[in-house]
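What follows is a pair of complexes built around chain A, which joins chain B in one and chain C in the other.
Then we have the complex of A and B:
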């Protein structure tokens, strides 16, 4: 990863949603406008089947489509790679909703502007971890600083997460562990690649 | 195909912008043989484009910040479209101001034509997005061909010449039909891959056929029969349908959509592992 971002450990994440709640409290977001979401992927498509969870927010891409497309330059990329959105410059044109291939920017009808995760930039500046990372009870969600070296098994894409627009998202996934899950996950990756 | 409902201001804006830009471009590209038709084309094109720009403001969450939209010049395709829209209006008005001289000078006329053509191209570029697979390919050219077709049909309808004698409409309209057919064919061939969540393939075919008929076929037949008014109405209706269909066929890529695609694959492939 070139810039700051997240590592999501698919083995550790239990889908509790603490990260979503912490983000909402930290940033005062309503439920429907939450910046972070936890998306389950059930590998067998039946209740109780093996499931992994993708905890996702903004990926603070190396080539952010939102930033390139914004007509009012409301987006800015900091030196550490964090992509911040200045609501006071936002027109509410919603073009970033169209350009972002991950569904990240959220439009607030009441305020007439878009908003998105800023990786708790103010907390980072104080040497603190982002609120979602700090709240994760299993340490499945981890903050990775710019130029962080990942484990050999960290992946840029997993089934359910691809980068169709060449945005170079700064997110990595550690795959599930355990013999059965590893086999299932490998089979799913093969199927998706086909 | 409910996605167009939230985009109605954009449907109206792009319809009016494509029609206006097309009328200005077609009028300005023409050799100065029929000055009054050119002037009418420029005037109606400018009115349509200005109306479109005003309608587009209703799409903004913060209308008062609209002037900030030019800050992205050099980076944002949307800023380029907005600047070119303003430049097209300004250039067309400047050219119209020389109407009383008895003829439009060649260089100013060509400058207006080039600006309007670039504006039509810029509309297509705005929607050429990595996460929008249904808006790529021939869809990028559609505002240009549709705009020029619209302009040519309008000029033919208000002019005196017979369409069989001297008309670019005979060339531009079939080109537009070809571009639209390529897009239709691409979508139809890849519907399951491009729009896995959609089950309305039959509606895609019905509406696409209607668009092709109303926008491309009917106006040419009517102009051939010297029925000008209904030809203009058909083009206007066809263009609105074209733009509505464009937004209705949007297929925004998100992680939720990607997960749904993987789950559909698991369903189809039954068990994995």
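Then we have the complex of A and C:
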């Protein structure tokens, strides 16, 4: 991973939603405008696959499609890789909604602009972790600075998450552990790759 | 937790306290939710009086409401005596000052209170009988464990701070095994998961012990020096060969073998039990059987090992100074409030005062608690929100939140006593409960000097002898005043009658009328009972990460991330009843009937169904319409999980 971004430890995440709430408290965006979401995989516990949760926000891509598609230059990529959206420059054209393959930018009908996760850039500049990371009670969600060296098992994609458009999303996943889930995860990965 | 206020004095941000070693400076979802709860739009800010007709409530001034309440209380006492008033307190907004209510009731001449607990008492008594005290290793030593056996517990949802430490241990190579009839966030991450029939834990524990002893994996040195009655216990194990245990529990014999050998061979091994396996009337004996496993394997007094159930190390405060107890005190088991509202005589219950609790949702036979309250001459409820219980009141008094009065708070799991600072003034007309009781005392002309004028000075004198000077430090960070060190029973001295671990307990036999050595006996309302031919499904009503019982579920923030109230049913039980995912179903037994949506999940054991407890908004299932008013074999607990039902598609 070259730019700053998140690492989600699929073993430690229990999908509790504290990150969603912490983001809401920090950034004030809620409901369908929330910047962070928790996507559960196999909540009903089908025996053919593992159960885990993907806590996702903006991936602060190496090749941000939102930025490329923006006619008003509302997007900016900082030196550390954080992709910041400036709402004061936003025309509300919603092109970025279409170009981002992850559905990250959220259009606010009331204000007529989009908004998205800025990795709590202000907090980063003060040496603090992003609000969602600070709140994670199991330390499953972690911040990775630019050029961070990943553990050998960190993955760029897992079942339920792929990079469809070559955007080089700066998100990494630590795979699940626990004897049963490891087997189920391996089987699922094989299926997805095929 | 650390709180940041905004410019209007509202709660802007809540963060974990890094000086608390148990939480690692993290907050759970509920903790974060306080940022919403304190100033929430539905919060009660003024006393309310029920309208004479048409339903609903109108605001009323404090002076007027206290006048009306005291006039009615006086009248009821004159006719039926003080114990015709039920005083019911739950454990919500828990703190030392909660006990001040008794300064009023004792001067009133008495009242009817409740004894026992809905939550955990059978396990507490089982642990006390076995080890002499409810203490356990410091949470951080969980990391040193090589094998963690989690039994009837779902810490990934209900103790997220403990779960963090278990994950740390697993990252360091520990094996995690879980005993739970359901699949949960905890079992997902486990290495081993066995799913017994609810209520058969005693048989499983004795069966595991039998295999461990037969394989010679028991710790003969520890048992020789520190066990009382081990030979009687060993003789009892002869009744639990693996084939019989498999038959009782419904677990494959090979899985029982595998679990026993893995637990017996790996050291240090930690056994963490939840409250789930002690919510039936054989709870105490089941808990004793499970609690003995760490002693069999010599995992007691060892870092990374031990028996972890409840930690009362922080429960060290002195008793509140109170007036002497009058003759008019009476008490009923808390799990049987509905029955006693209906049937108590000499005197009957004519009035109820309810605070820090929500019995109309959370107690067994909750609908009968509601009709019982409706038949009374006076119901007063103190709460922050309009709960199902507050809806039953004649007068609702607005309660403080934890940020609005100083207090001292004890814990259930870590050893720390904590100072709770007053951060904001109570909003609107809200008064702390201690102030409500003081005003009521004044109105009755009672001695109000039992109530603190200077709360900080008052709370300081509650610290245990010799620790008064720790108060300033306590205001800065959580403190362990127990002086016991991090490893419980490190000295192998057990405050039991024998000074050893009680494998046989005459005290259990004398006090509770149970066998001196724990044994398995089937539930009256279990899988093998006669009733099961008509109502074949065992209902569990477990706790979720999103709420503390019925608290927090009313907040929009929590509802955004919460899990739905559905009936979990296995594919086998579902297809036998024509139930598919999302089908509307009725769940019923002889006590009640509720309707909700079904989720067909292979994760739950066939023969078992599950609904989350905690009714907090319109449309939630009233699961306690189905539960029974039983009492546990020890210590007056409730029997929520001894509940047979059937389900049909509607």
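Descriptive notes on the structure:
Note that in this section the second predicted complex is superposed on the first by the 186 of 194 C-alpha atoms of A that agree within 3 Å, B and C clash if a C-alpha of one lies under 4 Å from a C-alpha of the other, contacts with A are read in each partner's own complex, and residues count from 1 in each chain.
The working rule: a contact is a pair of C-beta atoms (placed from the backbone, for glycine too) under 8 Å apart; a residue touches a chain by one contact, two chains touch by 3 or more.
Computed from a predicted model, the values in this text were never measured in an experiment.
With both complexes brought onto chain A, simultaneous placement of chain B and chain C is permitted, the two fitting side by side without a clash. Touched residues of chain A were counted for both chain B and chain C, and B has more of them.
Of the two partner chains, chain B is the only one touched by A:93; chain C is not.
When the shared chain is aligned, no partner comes close enough to touch A:171: not chain B, not chain C. By the touch criterion defined above, A:52 reaches chain C but does not reach chain B. Once chain A of one complex is fitted onto chain A of the other, the partner contacts of A:69 are limited to chain B, with no touch recorded for chain C.
When the two complexes are overlaid on their common chain A, residue A:132 makes contact with neither chain B nor chain C. Once chain A of one complex is fitted onto chain A of the other, the partner contacts of A:44 extend to both chain B and chain C.
This overlay, made by fitting chain A, leaves chain B and chain C with a least C-alpha separation of 11 Å. Common to the chain B and chain C interfaces on chain A are residues 44-45. Chain contact summary for the complex, chain B toward chain A: residues 59-62, 65-66, 68-72, 75-79, 82, 126-127, 129-133, 250, 252-259, 262-263, 265-267, 269, 271-273.
Remark: chain C residues 12-16, 23-24, 26-29, 32-33, 35, 156-157, 160-161, 163-164, 167, 170-171, 175-176, 183, 185, 188-193, 545-546, 557, 560-562, 581, 599-603 touch chain A in the complex.
Taken together, the chain A residues at the contact with chain B in this complex read 39, 41-45, 54, 56, 65, 68-73, 89-95, 97-103, 107-109, 111-114, 159-162, 164-167, 183-184, 186-188, 191-192.
Chain A contributes residues 11-12, 14-18, 20-22, 24-26, 30-31, 34, 38, 44-47, 50-52, 134-139, 176-181 to its touches with chain C in the complex.
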